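Chain naming follows the written order as A, B, C, D, E and F, and within any one chain the residues start at number 1.
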């Protein structure tokens, strides 16, 4: 492949993906609203750009075959704060990709597009949207838009509903929802390398014993997660506070399911874990 | 009921609804981006306001119990032109309604939220979104948002997926998709008067012999359409140009299914019919 | 048909059914724990018997072809009070019917077997059990038992999930859930006269505009309800107290959905209506 | 429409359809293995031809827009006897239609394509095939072939699963399964006149109280049956012999469900009714 | 956890579970209608009690967090013999648990709640009840009751539909239905330790090649069976007597599917295996 | 088992199956339209016979318990060329098996019975037929016929929808669709040795990372594929030509999905691979 564009390249997950994506194409264009990091990969260029501005995003797509779209505000915020980066940003990426004839968008969707479904509802990728936050609603919007661009313009899209992506599982919920960096890399790589995909949705979750979904969907992509949060079970269960009335414990979206609309759903998690979590 | 707010009151359908809604409440506040019409109903007030501006919409909700949200650009346009009125406008209505403790939003959704489904797919209200245009995508966005406001904040919503609402059916497709003004009025009135609704979706289509859906959904609302486009069948079929390869003929969304994204889907219809159609 | 047995013959619905059932067979044996009423029909005999006692029920079945089983305590009570008449009583009827080679049990099941389903869940007869009370749980038990007797012993059963069966609709909920006496009679008569039925479940509800179910199921029985609660809409809606947080308003089971287990779910209804309601 | 071809024009149903189809096109070509009847309609020509012979069928299609394919042996027979007219005949019709660029095949499929489904299984047009005879298996074959010609070559097909089509209902089963000649005519006429259909399946049954299916499918065709076998209920039920262990009574296919493969399923019916029945 | 109550502690499976459950809580109260075994675990107390008597069961729950309810007559019997221990006993356990504020019931349900489903029906935990015996019907009753206690009173329940739980697989059927003691222990342990569960159903079957179900359900519990009956395949298949007309061979319930209601379904199995089997 | 008949014994897959099937029975009768190979297995006899001729096939079944029916033209051809071997041949096998009282037909069905389904449609064995060719249509015909023989005459059938069965995966599509010879052998052997099967359908595909189906169905057969095409991924992906508009790339049937009806679908594959592929 000649060229891949990666948005959100300075985020926790973007940082993980730069190296493997640089091996999938002759040229990797990394972009973020943040400034260029100290070192780049040999075939990588960095463009600081604001997703909310079409004029800054559009030129990046020239000559590319795919865009891996991971750029977004990664937390719940009031709708007006997410409108630019998460909603208009997604539109800008799809529209620019379409104008330049790209083949595919690989998109960081999120469990929060379906975060109000119950853990025991046996949800699969065909379950209807039940966003838990404005953050999740942006993922619903982009997924529906991606299906439309495929059906109307033939632009492929693979929407990866990422669960709890961190170096290690951070809490009892993550025993089910953890996505390891290794499995993330495999999932994105396969979404890129599969020759044709049409429009597809898949859950991004590791091979956890306690995964709340039985099947990640989109089998033809060939995703086979290898990691399992179970090694951390004893430690993390010891800290769990069972509460059957707490939405956060019985819904796929976890704390995003119980947080007030517009307020951060990561606060508690980050306080506990002290690290970066992306969902 | 004390007070109802009607948005889009100057549109073709808003104009139809003003009188019946004025009978459902002590006070009707009609709003539109257009100026006040010459005459108002006795208990009606008119406020010219831009849906895209929260500060203009928010004060209207004070003291209201329900908002009947029909305001929007009613045609396909480039996304940036729809972003304010159709996307942000819907957010403004729901957020303002929630802040003022309204009970319910009755929303003019559209068949175009599912417009790429085939006529013979036996679609019901549980079928997943397949928007045919940016116009339809805005309806998907608002429906998902409405479900979230219900689940997170207890604000009810009834989303009415209106098909082809005109005084008379305009073309062969409308033999199936017509919604008469009488049936529209019944549907909106019942959506308003039903004591509790939670979140619900229903198709707004008359009792047409050739309706592409077998069931309008949300039976507890008590919608029983009475009109049937069949009286116009002979005339309208005579003009039909069968073309099995034309998406416009085999998809629920009709011409919106085949039009290019961002280009008007009403052009052809209006040329043929010379009238107002709202979907 | 030679002989039909009717249990619960002294109840409100049993009283309605005696006359039409007496016309469907040469002999009608009516039974109840209550004493014989003043007058009987020409081909009717009355046997006072306790459903909870197999020895009292078993002999009634001799020579019968069908039993129409409407006998039960018709309200929520603590489980031990329902165990005899509603649980063991149902077993006694099926087992006695089977021992005497009857062809069919026509059973007064109830909406309360599925009473915790939401009004807008588009429930049909294939939805799983969600009993709202010990009263409803007894209906679940009998339905599962009826299926088993059919599959293991070839005893047919038609389980009629009766909604709100009263002379007139009593409250706003009944605008959707009313079953008129005329439609009850039609439903039971057709369940009796259909030549073969196997095991079947059907909803007993009139042709109400606001019915919370779109389809009563078991079409081969030929049930076509004729009455519609809509004539009472204006009066009854005027009394409605909308409350979206009240389970009684948004679940099929109405007040049984929100009442405490073991406490009467009819109290409020009867206070309002002053009459007999059976569900 | 310029030209319609009708196969099986000398059969009971073909005879009913000649007149209405002659009004739908400038030219009607009627064909059958039987000789020309005494009188033809003004715009009708008759060609005696063997469906099993491609060379006899192919030329008839020249210049036609649609073929209404009702020709077949209408009873169960050993497979080798049905192979020519019912299997190869269907292939010949579709292939010839495709070669001559026809728009659509309207096909007399049959309930016997799904005849082993139970009356109380709530079957709709999406239920999988369960043929009851070699006769029904031919209908499965043609339906699957029709879908393929649509998907691969764009030749439309409307497959009408005809139930018990006779002047009057003949027996207790027909209280549910009757299709009146009037409703047949409506169904075929609408299948012909609908501008575009793609591939569709619909049940051909009248508006009977006791219909074993709740919905005839393919609503966009606009089929609204008007007749109801219920007027014959008292007479026909009086003759019914209930037998819950007889497949003929509890399966959609009736006597075809219980007859041995290869043996006539119409024998008993015709003995009872003395008339023509087509399914 | 402070305290767990185990019913049926003297049964074959109860005996297996005592040790692992004693490690999950500070205190294990074991109860059975049988007398105390010779030796107890350090933190275990034994109470001889009759499940059918509320007064004997109720006091055991005081101060407990969970009850693992495995007590029952484990075979098919006439209904009156199962009524006390299996039906009333289940009610007593749930009601007592609810009165004392326990968090959860972990219940030994059984494949026999769905035992009349065919092996090739691809059954999952959402399939409706099809009990094969009065024994299985008691499991249906308790599952429906458990769902109701969760929905009405917030008492969690995990219903484990145990298949053929023995030290080794006993016959050809068990190549699919075996549940090893190790996997039983894992399943119960995870049902206990999962912080919140709501109401859930899962199949208790090992990781057998020939399992008649593809998925055990309730993934968030984290059950990952490790054993596989395939090691016994050659030996056990050699003894198999294929008979496609025998319900015992093609239904999930095996011999319980073909046994007469009220007669022992274990007789044949025990004669073959000479051991304890619990289902 | 006393005797097994294998049809298509000289084909690529028949050749693979002769040895394992010879171990499953005292006597193996291998038949093909081709002449006997040079060497036979000790308990094998060879009969040259034409599947299209009942008189040649019928005598082979005498005394057999099962027939493994793999004989057919293995490519797309005009319908008249497939009619004898693939359609009538299948009838001859089932009818002859039924007349001689065989227990079971194990049938080489094909992915091409459902070849027009999309890769990302999450197809399972309950998806309706969507044949891609006359070759696939013959498989639909035989599957429907097999179900009917089971339901009407009690002749069991296991229909194995074989994907791409070759010694090694031949192209990028086969990374998902490959069926190794080892897994084929396991699948057929288990279909033969399972004591009772009724009518069942299963997908024949190896344990490939990129399998377009998530589940092969018919779990009670105990099929556990062991091979995985992923070892060939790097080599085969390098040759892939992504084209989202090419049906061959996004449908289960691959090149059969895009080939013209009646024209060979194997041509391209064989040109690339130079080997035998059977689907």
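The definition used in the following text is that contacts are C-beta pairs under 8 Å (C-beta built on N, C-alpha and C of every residue); 3 or more make two chains touch, one makes a residue touch a chain.
Keep in mind that what you see is a predicted model, and the values were worked out from it rather than measured.
Contact with both chain D and chain F is made by no chain of the assembly. With steps allowed only between chains in touch, the distance from chain B over to chain D comes to 1. In summary, the pair chain C and chain D forms a contact in which the copies contribute largely different residue numbers, shared numbers making up under half of all those used. With centres defined as mean CA coordinates, chain B is found 33 Å away from chain A. Centre-to-centre separation between chain A and chain D, using Cα means, comes to 52 Å.
Our note on geometry: chain E versus chain F, Cα centroid distance of 40 Å, whole angstroms. Residue positions of chain E touching 2 or more other chains, listed in rising order: 126. Shown are all chain pairs that touch, namely A-B, A-E, A-F, B-C, B-D, C-D, C-E, D-F, E-F.
On the side of chain A, the complex with chain E involves touching residues 118-120, 122, 172, 175-176, 208-214, 230, 233, 237, 240-246, 249-250. Residues 103, 124-126, 154, 156, 193-200, 215, 217-224 of chain A are the ones that touch chain F when the two sit in their complex.
Taken together, the chain A residues at the contact with chain B in this complex read 79, 83, 87-88, 91, 95, 116, 126, 128-133, 136-137, 140-141, 144-145, 147-149, 151-153, 260-261.
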